[in-house]
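Below are two complexes that have chain A in common, paired first with chain B and then with chain C.
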Partner chain A sequence: MSQPIISVKDLHIWYNDFHAIKGISIDYLPNTINAIIGPSGCGKSTFVRTLNRIHEEVPGARAQGSIMYMGKNILSSEVDPVDLRRQIGMVFQKPNPFPSMSIFENTVIGLKLQGEKNKSKLMEVAETCLKKAALWDEVKDKLNKPGTSLSGGQQQRLCIARSLAVNPPVLLMDEPTSALDPIATGKIEELMTELKKEYTVIIVTHNMQQAARIADYTSFFILGELIEHGLSSDIFTNPKQKTTEDYITGRFG
Partner chain B sequence: MNYYTWRKAKNYFFHSLLSISAVLVLIPLFLVVAYVVYKGISGLSLDFFFNTPKPVGEVGGGMVHAIMGTLYLVALGSLIAVPIGVVCGTFLSEFGDGKIAKSLRVAIDLLTGVPSIVIGIFAYILIVIPFKGFSALAGGIALSLIILPIVTRSTEEILKLVPQHIKEAGLALGLPRWKVTYFIVVKGNLKAILTGVILAISRAAGETAPLLFTAFGNRYVSTELLSPMASLPVQIYNYSISPFDDWQAQAWTGAFVLIFLILGINLTCRTFLNRKKILEKVTRQK
Partner chain C sequence: MENVVNHSSNTKPTPSSSPSGGPKGGFFSLKNQDKLHLTAIKSLAVFVIGLLITLLILLLKQAWPAVTEFGVEFITSDWWNPVEDQFGGLSFIVGTVLTSIIAIIIAAPVSIGVALLMTEVLPERAGKTIGLFVEMIAAIPSIVFGLWGLFYLAPFVRETLTPIIKSTLGFIPFFNGPSFGIGVLTASLILAIMIIPTITSLCREVFRSVPTLQREAALGLGSTRWEMIRLAVIKPSFSGIMGGIVLGLGRALGETMAVAMVIGNQPEIPKSIFSSAATMASVIANEYAEADSDLHVSALCLVGILLFGVTLIANAIARLIVWNYNRKQQG
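This part shows the complex of A and B:
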């Protein structure tokens, strides 16, 4: 067994007075896909958004506990959120390419704004990342078209490519396929199993088949609490908790 | 009368009411433009665009000095106000919750409401008195005070429309906030910001009161920052209250040129807007 890459201990999150996450502890191993499932409003987004501290964008949100990454508690003030987010990237529920930018610019913008000026290097990265995101063949002839001119599924893969371009070892995905049709979803699922070779993926999904298909580990949340965490094969075939069983068999939520 | 006809009648009545109001709004605009064209078009000549005024009593001469002056003063005012306005507007939209931002917003709102003659007096006290003379600089500063609040508020409103998730997408790439703000939020909306700028400029181009005792006016083409400078609105004002028929005629022609200058600026800005809308439509359909 390797060491966890991210280790969450007794994490609590509040929105002002509202206690949204109530003491969650989970270890994430490198090069695994980890699903978070649970009914709407149970705190899945809140939880992953704290892992790269994007939760700080919500006024009144605060987190307590520890999230260890590379030997540091990322919640502590010594850790600069800008550095952290280069390590822990994020793909959002709604595909959100930058509207004023072309497909090419969208892909490399992170790298470019981090100071990479060399055009051929940027082109190379764009190609690599678009290929990793399984989008290259569809867009290679129209890299200068606006990113928003693509279909929803293509836009989401563009957003994945954009995240990959800054090469974060960990990728957070908050329901990345919930706005997509089954074919686009299938493409993104394939892509994730491919990504696992190089990245650690934490994915929120409300689609349990999806979790069962792609995730090595699955966590089940209800009302801000972790009900069960373990190998997906165990969670979906042989859950320890009655609530988990009720949820995955559709008798709940 | 059954219910159906009654409903149709009501619908017809309110529909007509709306159409009538629309026409009522257009009538003054049409009358003003038509009357200015009617009075001013006969005075149009190459002389008008390329010559300075002749002494009283001599016929001919033109307003080249005032046309150039207006362009100069508006450019000067924009040069001062647009960068500050865009920065202020960005600040208000992105960091607009603090105490400083709130007072800034109030100040900008108050500035919008200050009568332009008062802005003229302010520039007079601030620049004309210490420099001991009317100057283009004073006029430009007065115009910048007209432009500043408009640019600030329009920039703020435009940038507020940028959805939170776009900013979060930028931050999630490990970009510092200022880079997200500058390269993604502001640069991504440059066209819309520019539209606000052009509206502000066209507003300033027509102002007389702030220039009356700041740039004041002269009778030749000048590019001196610290000397008086003519402008179309002031020239029109002076000529129209003069007792000479040919000056009054020239005032009409000046008004004609000014209206079309501003209309031109506005139309340019519309094209900008439309182009953006067209682009959005095209991209959405795909």
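This part shows the complex of A and C:
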């Protein structure tokens, strides 16, 4: 088996005095889809947000432990969070395209931030990424319209395209389909299985069917602790822990 | 941008397409209540508009002798001589517009910067504390600003600021000339200090209303803090910032006491930023009490009407800028 791309060891996270994540260790293999499931408030968002250090934006949040990525503990002060976030992208629960930017500008803004100015290069990346996000056909005739003029599902795919444009090896997704209808959800699930050829995806979902459908590995959290982690096929058909079984069969939560 | 057939989503009907089915009939039915509110709001609106028109008509009646006597010359001539009953208001228009524009040029960047500092850089509590001080500045009466300007700002302008400006921008005639500490620059500085709280408070509200999600979107793409502020905070706030600037500009255009105390009250078009001058508001305040001739009173009323007009034009220009910006955004 290949080396893990991200290796989390004994991660603890606090919001001031509140201990939200209590010593979690997980290895993530490259080119896999990894789901995190668990009842709401168990720390799923807190956990993924720490993987690209966006948790630092919350006053009072701090993390301890190690998250090894490319041979470095990303929690250490020598890692620049700005660099890190270009490597580990994030798609949020609610679609959040920039309202003052067009579809095209939204897609390439990450590249522009890195200094890319060449118009034809930007156009090329926009097309590639919008195609990868399965949005190209729907927007190719209105690239100059505001990103917010799209429907919710399209906006979320635009946000995925925007993340892909900086070509991050790892993509974090925090309940990316929870605000979407089933058809839009289906499109994004399809897209993810496509993406794992090139990227490693870590996705938080409250939808267990979704985890079972798309994820290679699934982790189950309760109250900031990792109850079980393994192949999705094992977790959903043959869980080792009683709590996991109760949760996935709906006797819990 | 709408009306695009979209196969991927929108399986649910939009709420606006289904008419609300509230209880029908009865005087206090929802429908009648709506009507009542609408009538009340409409009559209030008519009242406010009526008040404005009445005010203007009365003022215009007072100003009429000056209008018939001087006509258009009133705004093209800067010859203001009460002794000879000759009145042209150009110098006041220039004085008002010039001091207000300089004040905005100084106050807008400072205010935007302070507002960003409060919302984006400092921890919440420190930001709130600064906000409190800013609001306290807003509560200082303008006469107090005038006194302070006369005793502290004027000497500072004369002894410190003037040499600096002359040695850097002095090659431009407008930034060179005798400086006594009282004049356009001092008035503009006072105005800037007075409108900074207004613009700052408005910008702070606008920046605060930017969702955290937008900030995280920018940071999540690997932007630095400053890039995030530019992308996610300033860019979508353009119309709000303009709104704050217009509010500040309105205050600057109409400010009377503080300006009257430090501008020198010279009814002449200023030759340099250090010259004495007068504004529309300051000349009214200074002269109306001792205006002997009816024509003088009438001319002052006409200046008042012009001030109103200038304020309206400033508002219209700002709206045009916002409208033009929004149109460009829509592509």
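Here is the rule we use: the second predicted complex is superposed on the first by the 253 of 253 C-alpha atoms of A that agree within 3 Å, B and C clash if a C-alpha of one lies under 4 Å from a C-alpha of the other, contacts with A are read in each partner's own complex, and residues count from 1 in each chain.
Following the convention adopted for this analysis, a residue touches a chain if its C-beta (ideal position, glycine included) is under 8 Å from a C-beta of that chain, and two chains touch if they have at least 3 such contacts.
A quick note: this is a predicted structure, and the numbers were derived from the prediction, not measured.
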Clash or fit (per the criteria above) of chain B with chain C on chain A: clash
Which superposed partner A:G71 touches (first chain B, second chain C, both, neither): neither
First (chain B), second (chain C), both or neither touched by A:G60: neither
Partner chain in contact with A:C159 - chain B first, chain C second, else both or neither: both
Touched partner set for A:D83, first chain B, second chain C, both or neither: both
Contacts of A:S100 with chain B and chain C, given as first, second, both or neither: both
Partner chain in contact with A:G250 - chain B first, chain C second, else both or neither: neither
First, second, both or neither for A:L180, with chain B first and chain C second: second
Chain A: partner with more touched residues, chain B or chain C: C
First, second, both or neither for A:G115, with chain B first and chain C second: neither
Chain C-contacting residues of chain A that also contact chain B: 52, 54, 57, 59, 81-86, 89-90, 92, 94, 96, 98-101, 109-110, 113-114, 146, 149, 151, 159, 162-163, 166
Chain A contact footprint on chain C (complex, rising order): 1-2, 4, 6, 8-12, 123-124, 211-224, 227, 231-232, 235-236, 238, 329-331
Interface residues, chain B side, partner chain A - complex: 97, 163-176, 179, 183-184, 187-189, 279, 282-284, 286
Complex interface listing, chain A residues touching chain B: 52, 54, 57, 59, 81-87, 89-90, 92, 94, 96, 98-101, 109-110, 113-114, 146, 148-151, 159, 162-163, 166, 168
Interfacial residue positions of chain A with respect to chain C in the complex: 52, 54, 57, 59, 81-86, 89-90, 92, 94, 96-102, 109-110, 113-114, 138, 142, 144-146, 149, 151-154, 159, 162-163, 166, 180-184, 187
